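As written, the chain order gives the labels A, B and C, with residue 1 at the start of each chain.
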Amino acid sequence: MNVLFAIIQTLLFIALAPLLAGWVKWCKCHLQNRRAPSLLQPYRDLIKLTHKQPVVSKDASWLFIIAPYIIFSTTALAVSVVPLLAVDLPTASSADVIVLVGFLAFARFFLVLAGLDVGTAFGGMGSSREMTISAMAEPAMLMAVFTLTMTASTTNLSFAIDHVLQEGLVLRPSFIFSLSALMLVAVAETGRIPVDNPATHLELTMIHEAMILEYSGRHLALIEWASQLKLMLYGVLIANIFFPWGIAETLSLSVLGYGLLAIMGKLALLVVVLAISETLLAKMRLFRVQEFLSFAYLLGLLGMLSHIILEAAR
Amino acid sequence: MIPAYLLLLLPLLGILYFGLLGHKEDVGKQNIRFNGVTLLLSLWLAVNVFLSGTILSTDQYFIVDSFNVYLIVLTAFVGFTTSIFSAPYMAHEQEIGKLTANRLRLYYSMYQGFMFAMYLVLTTNNMGIMWVAMEAATLATVLLVSLYRTPESIEAAWKYFILCGVGIAQALFGTILLYYAAIQISDVDNALTWSVLYENAKLLDPEILEIAFVFMLIGYGTKIGLVPLHNWLPDAHSEGPTPMSAVLSGLLLNDALYAVVRNKMLVDGATDSHIAGYLMMGFGMLSFLVAAFFLHRQKDIKRLFSYSSIEHMGLMTFAFGIGTPFATFAALLHMTVHSLTKSAIFVTVGHAAQISGTQSIEKIRGLIKTQPQVGWGLLIGTLAIAGFPPFGVFASEFLVLLATMQSYPWLAPFLLLGIGIACAGLFRNIQPMVYGEKPEGQQAVQANLWPVMIHLAIVLWLGLAMPDFLADWFTQATILISGSAPL
Amino acid sequence: MEIENLDHYSQIILSLAALVMLSSFIMLAQGRLLRLVFVFAVQGFMLVSATAIAAYSFNNPHLYISAAITLALKVIFIPWMLRRHILKLNMHRDVEALNNKTAIMMGGASLVVFSYYVLHPIMQNSSMVLLNALSLSLAVILLGMLLMISHHQAIAHVVGFMSIENGLFFAATVSTNGMPMVVELGVAFDVLVAAVLFGIFFLHINSSIDSLDVDKMNRLNEVDQ
C-alpha cells in the first residue's frame, strides 16, 4: 500500500509539473498586462512535440539520442525521493539531500554532453556557461542545505521535515538565511531571470536554450518536461522544508487530500513571488552571475554561522 | 566636593561665554582669567583631598582621590600656562591673516570645551561617563585641528576624527562588557560606578574583564597614541594651532592613560594573572621603540615632538604595566614632568615657527641669534625631554629603568637603547635649528616665555629635589594604584 | 538551552540580530551612496524594533526611551542629513568601484567567526541565550571598520562609523538590557554632535579637494615624496 502510494506521489509530481509551468506563465502575463495562455498550454505543447518527428543531425552520436531519456528519468528519480504530500513513505530512507544533489548533477552532466555532442557553436557555449553556473551554485546550495541538516541532525529530507514539523513554530535566524540562499540558488539552477531567460532565443544571452537548440520532437518534449520537473522540485523543496505545515503525517485519504491542497497553495504562492521578481528584474550580464551566486553562498555561510553562534546548545 | 563642581561648572560657562562674546578684543585675557580661576579651584580641591583623603560625592557620580587630584592640578596648571602663551600667539595669527575673528571665537569656546571634557574624564566616578567625556574631548578638539582650513589641516582633522572615533568605539564595547560583568554582582544604578566596582573587584568575572580590558586598551590606547594606533597623532599635532598641540600632548594623552590605568586597577583586582600589565608593557615598549626610530625621519618640527610624545607615552604605559609600586611611582612622576616639559617645548616651537614662518626643520635656522629666549628655551626643553640630568625627566626615566631592572632585567637594555636613539634623533634635528647664522630678514616676534620658564623651572626643581608634600602625594597615589608604598 | 525553548520574543530578537548582521554585509558590497544610506537606515530600524521588543518582553520601560532616541537619530536624522549632502554635492549618480568584492565579503565572514571566537568564553559561561547576539554585535562593529577600509568616499566612512555605533548599541541592549540612562544620553549626545561635525567636514573636504574621495587626501605622509 505504502509502496503504491509512493509511486502515485511520484506520478502525481510528474503530472503536475507542466501545470506549474503554465501557472508561472499565467502569472507573468497578467503582471505584464498581456493576455495569458491557458494553464494547460504546457501540456498541449508537450503533446504536440511528441507527435512530431525528431530531427537528428547527421553528426550526432548515440549519446545525443539517449541523453533526453537519461535526463528525464534521473530527474524523475530525483523527484521520487522528495516528500510531496506525505512524510514517512518507503522512499523516505533514500530521501537524502546528497542523493538528490547527485541525481540533479547526473542529469546536468548528460545535458551538457548532449549540448557538446553536435559540435555547434551554441551548444558548446551553452554547455560551458551551464557548467560555470552550476560550479558556483552547488556550494551555495550545499551550504544552505547543511544548515538545515545541522539543525535536524540528519541529511534525510523526510526526517528533517518531520523534525521541523514536530518542533512547531520556531523562528530560526539560520533558516531565514538558508531560505534566501536556497531561493537564489533555485533561480540560478532552474534558469530563471535574472540568471537566464527561458523565453528567449537571443544568441548572446542563452544558457539552457543554447544547449537544447538542436533538439526537436519527442526529445525536446522530454527535456522540456524535465526542466519543468526541476522547477517544481525546487519549489517543493523550499515549500516543504521551511513551511512544512499541511504535509500529511498519516496516510488517510482526507489528510492526503488536505496535504495536496496545502502543497498546491504553497507552490502557487511561491510562483507568484517568482513571477513578481521576474517582472521587476532584468536579466543580468553573465559576468555578474558570479556576484549573484557568491552572494547566495555568503547567505548560506551566514546561515551556518548564525546557526552555530546564535542557536547552538550549551 | 564644592570645588569639584565649580571646577566643572566654570569651563561650561566658558564655552557659552566665548561662544557668545569670543570675537571681542581682550578675549585672550579672558581665557587666561577663566583658566586661572580653575587653577585656584583645583588647588583648593587638592588641599581638601590632601587633608581629608578621598572625596566621594553623595550621589556617587564624582570621585576625587589622590590619583586623579594630582592630574586635575596638572591639567589646570598646563591649561593655565598654555592660555598665557596662546593669547599673544593667537593674536599674532590673526594679525598675519591666518585666522578670522569668528574662528578665534570657535577656538576659545572649544578650548574651554576641551578643558571641561578633561575635568569630566578625571572627576567622574562612572566608567560610562568617562567614555562619553573622552569622546567629547575628541569632538571639541577636532574642529581646532582644522582651524586653519588648509587642505593639510582638514586631512589631519578628518584622520583624527575617524581614527579616534573608531578606536574609542572599542573602548565603549569594553565598557559594555564591564557593565555586563558588573550587573551580575551589583544593582543597575551602581554597575558602572568605579568606586563600587573597585571595592567588589574580587567578585567580577575575571574572564569577561580580561576581554573587556583588551578592548579598553585598544580604544583608549588609540588616544594615548600607542603604536600601531598612533597615525593620527603626529598629523593632528603638526597641523593644528600650536597651543592645541601643547594641550593635546600635555593633557589629552595623560587622561587617556588615566582611563586605562583606572581600568587596569579593576582588572588586577578581579584576576590574579598579570595579563593587563603584560599587554600594557608590550604596547608601551613597542610604542617607545618605534617612536624613537621615527624621530630620525621627521621633517616637520611639530611632528618631531609629537613622535617624542608617543615615545614618552609608551614609556609611561610600560611603567604602569610593570605595576610594582616603584614603577608606578616612576610613571606618575614621568607623567608630570613630561606634561610640563612637552607643553613648554610646544610653546617655544610655536614661537620658532612664527619667527621663521615655517614648520620645516630644514628652514628653521639660527634661532639663538634671532631671539635668544626662544632658542635657549627650545634647547633647554629638548635637553630636559631627552632625559639629561639634572632635569626631572632624567629622574623619572632613571626610576623606570631601576624598576625594570628589579622586575624584568632583560628588558632594561631595550629601554637604554630606546632612550639613546631618541636622544640622538632629537639632537641631530635641534642643533642646526638653534645654532648657526640667522637667515636674512628673520625677525624676532612678540613672545611671552613665562610659561616656558615656569615649566622648565619646576621640572628642574623636581629633578634636583622633590618637595616632601609632592613625594607624599605621589606615594598616596601609588598606594592607591598598586597596593603598597614604593621603597 | 536551545533556541526552540525560548519564547517568540527572544527568537525575534535573535533573528533581528542576524538580519542586522546581514545588512552590514549588504552595506559592505554597496557602491551607490544613496542605497548605502538607505540600508543603514533599515539597519537602524531593525535595531529599534529589536530594542522595542526587548523593552516589551523584559518589561523594561527604560529601553523604550533608548529605542526612541535611536529612531530619531539613526533612522531619521542621520540618514536624512547624509541624503541631503549626497544630493547637494551631486554624488547620487556616482558608483564607487569596489575592487574584489568577493574577497571583502569572505573577509567579513571570517570577521564574524573571529568575533565569535573572541567572545566564546563569555557566552559559554552564561545562561542567557540572548547573549549569543553579543558576538554578532561585535561582528557588526568589525564589519563597520571593514566598510571604512574598503570604501573611499567620506560619506561611506561616516556610514561605517555610525554602523559601528549601531553595533555598540545592540551589544548594550542584548547583553545588559541597556546602559544606565545618563550614559546612554551622553552617548547619544556624542553621536549627535559627531553627526553634525561630519556634516561640517563634508563641506570642508569638498571645498579643499573638490571631492569626497578620502583617498585623494594624501598630503600628510610619513614617507618622503
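Points to keep in mind about this one:
We take it that contacts are C-beta pairs under 8 Å (C-beta built on N, C-alpha and C of every residue); 3 or more make two chains touch, one makes a residue touch a chain.
Computed from a prediction, not measured in an experiment: that's the story for all the values here.
Put simply, the chain nearest the middle, going by average C-alpha positions, is C. Counted by C-beta pairs in contact, the busier of A-C and B-C is B-C. One finds 66 Å separating the Cα centroids of chain A and chain B.
Annotation: 37 Å between the Cα-based centres of chain A and chain C. As a whole-number value, the distance joining the C-alpha centres of chain B and chain C reads 31 Å. Those residues of chain A lying in contact with chain C across their complex are 167-174, 176-177, 290-291, 294-295, 298-299, 301-302, 305-306, 308-314. The touching residues of chain C, when paired with chain B in their complex, are 118-119, 121-122, 125, 138, 141, 144-145, 148, 154, 157, 161, 164-165, 167-168, 171-172, 175-176, 179-180, 182-183, 186-187, 189-190, 193-194, 197-198, 200-201, 204-205, 208-209, 214, 217-220, 222, 224. Across the interface of their complex, chain C is touched by residues 126, 128-129, 131-133, 135-136, 139, 142-143, 146, 149-152, 154-159, 161-162, 165-166, 169-170, 172-173, 176-177, 179-180, 183, 188-189, 191-192, 205, 207-208, 211, 235, 238-239, 294, 297, 299 of chain B. Partner chain A is touched in their complex by these residues of chain C: 1-4, 8, 11-12, 14-15, 17-19, 21-22, 25, 29, 101-102, 105-106, 109, 112-113, 116, 123-124, 129, 132-133, 135-136.
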